[in-house]
Amino acid sequence: MTPTRKRRLIVVSLILAAVGVAAGLTVLALQQNMTYLYSPSEIAAGHAPAGARFRLGGVVLEQSIQRAKDSLDVHFVVTDRFKDMPVEYTGILPDLFREGQSIVATGALKDGHFVATEVLAKHDESYMPKEVKDAIEKAKQAHADKPTG
Amino acid sequence: MPHTAPASVELRDRPALLEARGLAYARNDEPVFGPLDFTLHPGEVVLVEGDNGAGKTTLLRLLSGLLAPTSGEIRLAGEPLTLARLSPQVALLSHANGLKPELTAIENLRFAAGLLGLRSGLSPTTVLAGVGLAGYDDVPTRKLSAGQKKRVALARVLLAPVGLWLLDEPYANLDRDGIQLVNRLLENHANRGGAALITSHGAYAYTSGTPRRIPLRADANRSDA
Amino acid sequence: MNDFLAMGGYGAYVWSAYAVFFVVLALEALAPRATRRRVLADLRGRLKRRDARNEASA
Amino acid sequence: MRSGSTAAACAALVRRDLTLVWRRRGDAANPILFALIVVALFPLALGPEPEQLRRIAAGVVFVAILLAGLLALDTLFRSDYEDGSLEQLVLSPHPLSLLLACKIAVHWFTTALPLIIVSPLLGELLHLAEPLRGLLPLALLLATPLLSLLGAVCVALTVGMYRSGMLLALLVLPLYVPVLIFGAGACNAAQAGLPFAAPLLWLGAALVLALVLAPLACAAALRISLS
Amino acid sequence: MNALTLWFHKTGSPPTAYRLAGRIMPWCYGLGLVLGLVALYGGLVLAPRDYQQGDAYRIIFIHVPCAWMSLFAYFFMAANAFIALVWRIKLSEVLAMAAAPIGAAFTFITLVTGSIWGKPMWGTWWTWDARLTSELVLLFLYLGVIGLHAAIEDRRQAARAAGFLALIGIVNIPIVHFSVNWWNTLHQGSTVRLMGPSKIDASMIWPLLLMALATHVWFFGSVLARTRIGLLELDGGKDWVRAIALDDDKEAHA
């Protein structure tokens, strides 16, 4: 084997070995929750850390928003349609914040409440005119009303 | 004894140590020199002559493989020179001596020997004595004069187990003794079957025998003038 | 027309975004012209120097 | 005539670089001093309240060490370039990437390792949380070699320039962003009582890859800059 | 040499490329402008209001095409840098470096319009979310490439060094994206998809796609304009460049 070839072989095998080890570590890393975004169900199951700041993700439950008259305090419930999580927040909410909206709130658990320090609205990736949206809703409704055999 | 290069038939029969075909270099599309054709056989010392800015240093950097030519080809001992595969058979002395000022002369030479290997029968100490710096082993290089630094750098070239020397202005900063020393070193190297390409702006020259000269001028300059 | 400019209350946001878009792209389109002029002027300078050199050596 | 073995060349290079650092040992303390000053500025700017400082301690130490490393990066090839020994390195018959790996290793050993050793002290200045005392040096141990390796590639690209400081920072910082996120992120997660193994594993994976690929990239970049 | 490589070689030679680029460039600019104006009319006037975001969503018609362009320009640059580094083709070096400032401009627009959109919709100008951060890093990379290219005297060496950086960056961008992803996600998913149904109504998608087409055409126009300058710089000593320089002087004085 010429020295050049030998050198190339060493380099290639080193790269392959490194890729192998890195892939192994990556697989190990992927088995862990890295997003620190918890749903109400996960919190109910006790996965969320007690006393630590983490992020709560979910949908604002319909008819759960209660705004205080004389302050910026807001109470609402975040749900993932299985479990609910009451949230307290003080501050200005984004325009998109409304019932049925996906939100990401940062804060910590306190006496079974989630005390948020930041609430961000996560608008989804679909865009359509209002009429279309209404039509879809109507169709869904009709579909749901139909008795299923 | 003046040495007439190339001496023996035996040396001539070996393949050329260095071969340049149509070698040209341009920087930002300004031709620096070329196209050049020349060969360097074992036992030859060739002098590259040119004014300041004629591209002498550039030529040496091309031949050592640090720089890629704009056009043309370089072969070392028959093998084409590529950037990816630099030749282990070239020793370069450039303007920057490649010496660490904080290290002593002998430490600098030891490092060079570790990096490039050692010519058989030589050691850093003997080589240092050979360039007239016996007893300077433990002096930090920064305390040496410019000429003495040049001698240490020459010792480094001498130490390397290579056939081809590329020396950029080896006479610069040297006194009369030093110039003779360079000539002696070159002569010995040629007699051993080595070859050297040296540059000079003409003030000093390799006086031993009648070395071949390569005048260096840009082709474009020639045609415009 | 006013309705159109108001953009349902988001006029300031929408129009400033569009303004950024147009200003940046206009600058981006004008930049090569300036560069071209500079490069060609440089080149003429180089040619002049070369001619001067050649005359001096001739 | 014989040329030396590659191992001998690497040993000679390591010995020379260590000797040089020893001869310039006054300069070796500079990164530590710099990191110390940066860390000391935070309590002065934010007020001495321990709770507040504890919350940002890990991140601040990380950023201070990253910046100190960035300052030290310039010395990696600077003097070698100026006195011409970098040219000799490129011209040696041994694989350039291996020689550069040795250089980077010595550089890490002499600039980053001392910083890791003083990192508990830096943390203490900011009232670092108890559970992080062991984790922060560990995260730094994984992150700083990555910073040195990635930085070396960028230094190699800027080696021939006179005032390359700002440009070097611009080139290096995008590459440092993920390292910082994972390294400091692991510490923050641990502080919040969240699982922190994953970011460390990512750092480890990146380090293994960089150990092999960065010297190769560094050699290629150096060849470009020297031409 | 077969016919194709011969053709490639001929078109790739600086004077031919310069002339060809000069002929195509105005068409690209013109077509880009026309398509862009039609798309704007469609997006600002014809497209209906969004059920969720009202009129604010209309920023999408510039934000999304620019975001696509910021990535497209990077891939264009990196691909050309790769060709330039491996095969040392002059034209590729010039093309790669021509794409950098345009990419930077599109990235800048994406960031600014995105944060203008984010304020009313999300409730914040900026968040350290994966897409936003990686877009910011992308901008830094563009600036790094431009800076490195400007800092090196020799044009070809500069192009090689900057191209090398661009190639490193292409590895870095997904890494940055995923690294930020695990600690923050706010940006919505992709709306327009190559595979499967897009999540946008037909009345809204056509101005979006038309604008994307317009920005692409515009991009190529601008690349050609910059490529012409790059070729002039690179071939500065040649006769054809000399003629152009003298012609330009005459025009300026006429």
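We just call them A, B, C, D and E in the order they show up, numbering each chain from 1.
As a working rule, a contact is a pair of C-beta atoms (placed from the backbone, for glycine too) under 8 Å apart; a residue touches a chain by one contact, two chains touch by 3 or more.
Note that the structure is a prediction, hence the values are computed from the model and not measured.
Of all chains in the assembly, those touching chain A and also chain E are D. Within the contact network of the assembly, the step distance from chain A to chain B comes to 2. At the far end from chain A, in terms of centres built from Cα atoms, lies B. With centres computed as the average of Cα coordinates, no chain lies farther from chain C than B. Centre to centre, using the average C-alpha position, chain C and chain E are separated by 16 Å. Between chain B and chain E the centroid-to-centroid distance comes to 48 Å (mean Cα coordinates, whole Å). Here the spacing of chain A and chain C, counted between their Cα centres, is 44 Å. Residue positions 198-199, 202, 206, 227 of chain D each touch two or more of the other chains. In chain A, the residues that reach two or more other chains under the touch definition are 34, 36. Multi-chain contact residues of chain E, defined as those touching 2 or more other chains: 49, 120, 182-183, 233, 236. Taken together, the chain E residues at the contact with chain B in this complex read 153-155, 233-238. In the complex of the two chains, the chain A residues touching chain E come out as 34-37, 92-97, 104, 119-134.
If you check the complex, the residues on chain D that touch chain E are 153-154, 157-158, 160-161, 164, 167, 170-171, 173-175, 177-178, 181-182, 185, 198-199, 202, 206, 217, 220-221, 224-225, 227. Contact residues on chain C toward chain E in their complex (touch as defined above): 4, 7-11, 13-14, 16-18, 20-21, 24-25, 27-29, 31-32, 35-37, 39-40, 42-44, 46-47.
Chain B makes touch with chain D in their complex at residues 64-68, 83, 86-88, 90, 92, 94-103, 107, 110-120, 161-163.
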